[in-house]
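Can you keep this structure in mind? I'll have questions shortly.
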């Protein structure tokens, strides 16, 4: 019997051993928000270039910690670091993809894109101030909607997440009661009446199951699960539906050049067609790269994502970074990233 | 040496008896083998203790910032405001105790009786199939339990079980209030499903190992199957059964993924089982990835509290076992 | 070994068979019958739940199973033909390594507790430690191994399959130790005494005779431990993480089925979700074959 086990183990190791080229694997980890598009880009890049880029979603904070510890080559975070933190850790930060967050509801008789909500009403719902769907504030926005006399169940994330960070930043920006009582962060002290779901999937499952519920999910989840999204009133006072164009409009007007580390908040941006809850996902890497070849390969990958990854991003319901922005980003690379004292050639 | 054969003139010199006596050699090699074996087993035990001690040390070290900040009040506090650095462990402790209680009170009787069925009542082929099936249940990833619970089981609870409970037992504060399929009851039942295979599989083997002669002598005196189980099998295997129950208990307390998906996450301590809540493990699962600084330390301290809860259960079980042993005279 | 005060022993003590009147026998028989019904019902409930989950896994996972699924690397959403070949290899390697380390150590500790330590203070401490380790959430074990083997300053500075195997081994260890102790203790002392009286050395007696007597139970403990770690996600998240590429070495992030399920199962894409259920089915099938193989080996030895 023993020889069987030994030979099986040897065979397993042989199988494990004899595959793949000799290229190194570049590891990245962090936010789960962009995981689908990063894995798609990495897959396509490997077929073109042969380099193995392995991105894993472990959460934004964990990604920041891992890149600081140098256990991974690059980190990804939905919540950008400010200049002080970046300098202290010796990190370079830039946005790689943009996505939107969408409130979704479960109300019989209400179809996708029918319900209109204003920022104040949305904040008050999640604060627990508005408790029924036929409340006067909601009816005022939807005079010909048939709003039932059903209790509102707000659904939010039970786990800390970058999605919550973006969403609560939005609520803090548009509602001073929210900002005073709750605030913005990856995890906040939600009012008691809300239900928590784990991950976007958990929120989606809860909303699908609970009649009269309202939650917030990444756009991809709303589209793939065919959920009932709402129309939200943006800064210009117009009611917009979420769409890739509406998300791009938010990116157009932001001050990328003037913000250190490109830490721009795409919340509540001006423009008639702008969707107000948009966020960029950021990449972090050390400005001092120990391995020149690895650094060059990483930058080549990110460059490729900027220039050629747009279609793939749109297919997966993400918005690519606009050309003028990534030009600034690459100039920043040339300025900041070095290996052994010399800049990297791409 | 005494008993040596005397030498006789003219005869060849006799071999002293001591040359035939191999006891010394055998004793030495046996002694060496036994010593080696005993040392190896002690090594296994020492490594086990070393691992636990190191984990404990790490937990204490990493939770020091939180311990210094919040002190003992941490355990009784129901605060949880990450933005203002206020944390408390009580809702998580409460949730852990409640879900574990539900899980154990459902799983233990079910598991023991099913084990009885497998050993004494069912035909051997059925026993093998069901037994293997139970062991398979232990292999289903906990995250699948979570996903299954969130989609399939929660709707089942919301549609059938919780309304029925509210209608029949609604006078109890345990079953009042609104329900949506997620909450402590659902989490407790899924935990019961997860620990059932462990308790059942181990109890089945415990029952099987009761010496046949004991059971046969009882049967011979006219005892029924149930009486043999109650008076022979269970007392004989009590230690093993308690071990099985503890295996399940440990699993229930420490289960991370499955509970997280269905417990709904709420910081209030509600009496109703329909309400959402959280456990220490679900809090860890939810928050660890995004935790930094003080929050990280708070989470590790929660883990330490869980450690202490397990210690408390262990002490209680140990004392109860000792009382049984003294009473039974085994 | 009968409990004092049971009706049977009372009947014996009272000494007269006529005390076991027909009514008393009928009563005892009906209790017995009631318990049998209850036991069968309970087994049915257990079976129903068991079938429900396994059916869900089979139905949802079955759609994803194919030759390609087992031989290809994972693909992004929308790209068909993806598989979990790397994750299968990674899980097998890490589980095998964890078992190789954890099972013998656990058996040794169990033997110590059952044969040598018994009720001594040292053994009480070891038993205590094992129970506590069993109850530790797997996420904390992952964090522990992360601090020791992954993160600087103590660790290697990168994730690795070895760290993953270490975390799994730590989970296996107490389960095997406690179940084997309990099983070994159930072997009657008469067996030990007769072996020793025949001149058998202690170590031989334990390995050849006692192990053989407790064989079924020991195997159950090992199977339960391995089944459990093959379904663990949280410890691997901190140690081996995952990889989208083939397993070339255990000294880097290693693909595995459970983190794969966590990642893909919680995504919004149907093809990814299907792959997650397929991976869950693979884990179940893998453990099933392990169980059947192990029990078969055991049966063969009986002759």
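To keep things simple, chains are lettered A, B and C as they appear, and every chain counts its residues starting from 1.
In this text, a contact is a pair of C-beta atoms (placed from the backbone, for glycine too) under 8 Å apart; a residue touches a chain by one contact, two chains touch by 3 or more.
A quick note: this is a predicted structure, and the numbers were derived from the prediction, not measured.
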Chain pair showing more contacts of the two, B-C and A-C: B-C
From chain C, the most remote chain by mean C-alpha position: A
Between chain A and chain B, what is the gap in Å from one C-alpha centre to the other? 39
Averaging C-alpha coordinates per chain, one finds the centres of chain B and chain C separated by a number of Å equal to 12
Taking each chain's mean CA coordinate, chain A and chain C are separated, in whole Å, by 38
Check: chain A positions touching at least 2 other chains come out as 58, 201-202
Multi-chain contacts in chain B, i.e. residues touching at least two other chains, fall at 285, 288-289
Identify all positions of chain C at which a residue touches two or more other chains, and write them in rising order. 237, 265
Chain A touches which residues of chain C in the complex? 75-79, 89, 92-93, 96, 150-152, 157-159, 237, 241-249, 252-253, 259, 263, 265-270, 272, 297
Chain A to chain C touching residues, read off their complex: 1, 9, 12-13, 15-17, 19-20, 25, 27, 29, 35-36, 39-40, 42-43, 46, 52, 54-58, 69-72, 199-202, 204, 218, 220-221, 223-225, 315-316
Residues on chain B engaged by chain A in the complex (per definition of touch): 80-84, 146, 150-151, 154-155, 158, 180-182, 260-261, 264-268, 276, 278, 282, 285-292
What residues of chain C sit close enough to touch chain B in their complex? 1-3, 6-9, 12, 20, 28-29, 31-32, 35-36, 38-40, 42-43, 45-47, 49-50, 52-54, 56-57, 104-113, 115-117, 122-126, 128-141, 143-144, 147-148, 170, 173-175, 177-179, 181-183, 185-188, 201-204, 206, 214, 216-217, 220-221, 223-224, 227-228, 230-234, 237, 257-258, 261-262, 265, 276-277, 280, 283-284, 286-288, 291-292, 295
Residues of chain A defined as touching chain B within the complex: 58-62, 64-65, 153, 158-162, 182-189, 192, 195-198, 201-202, 205-206, 209-210
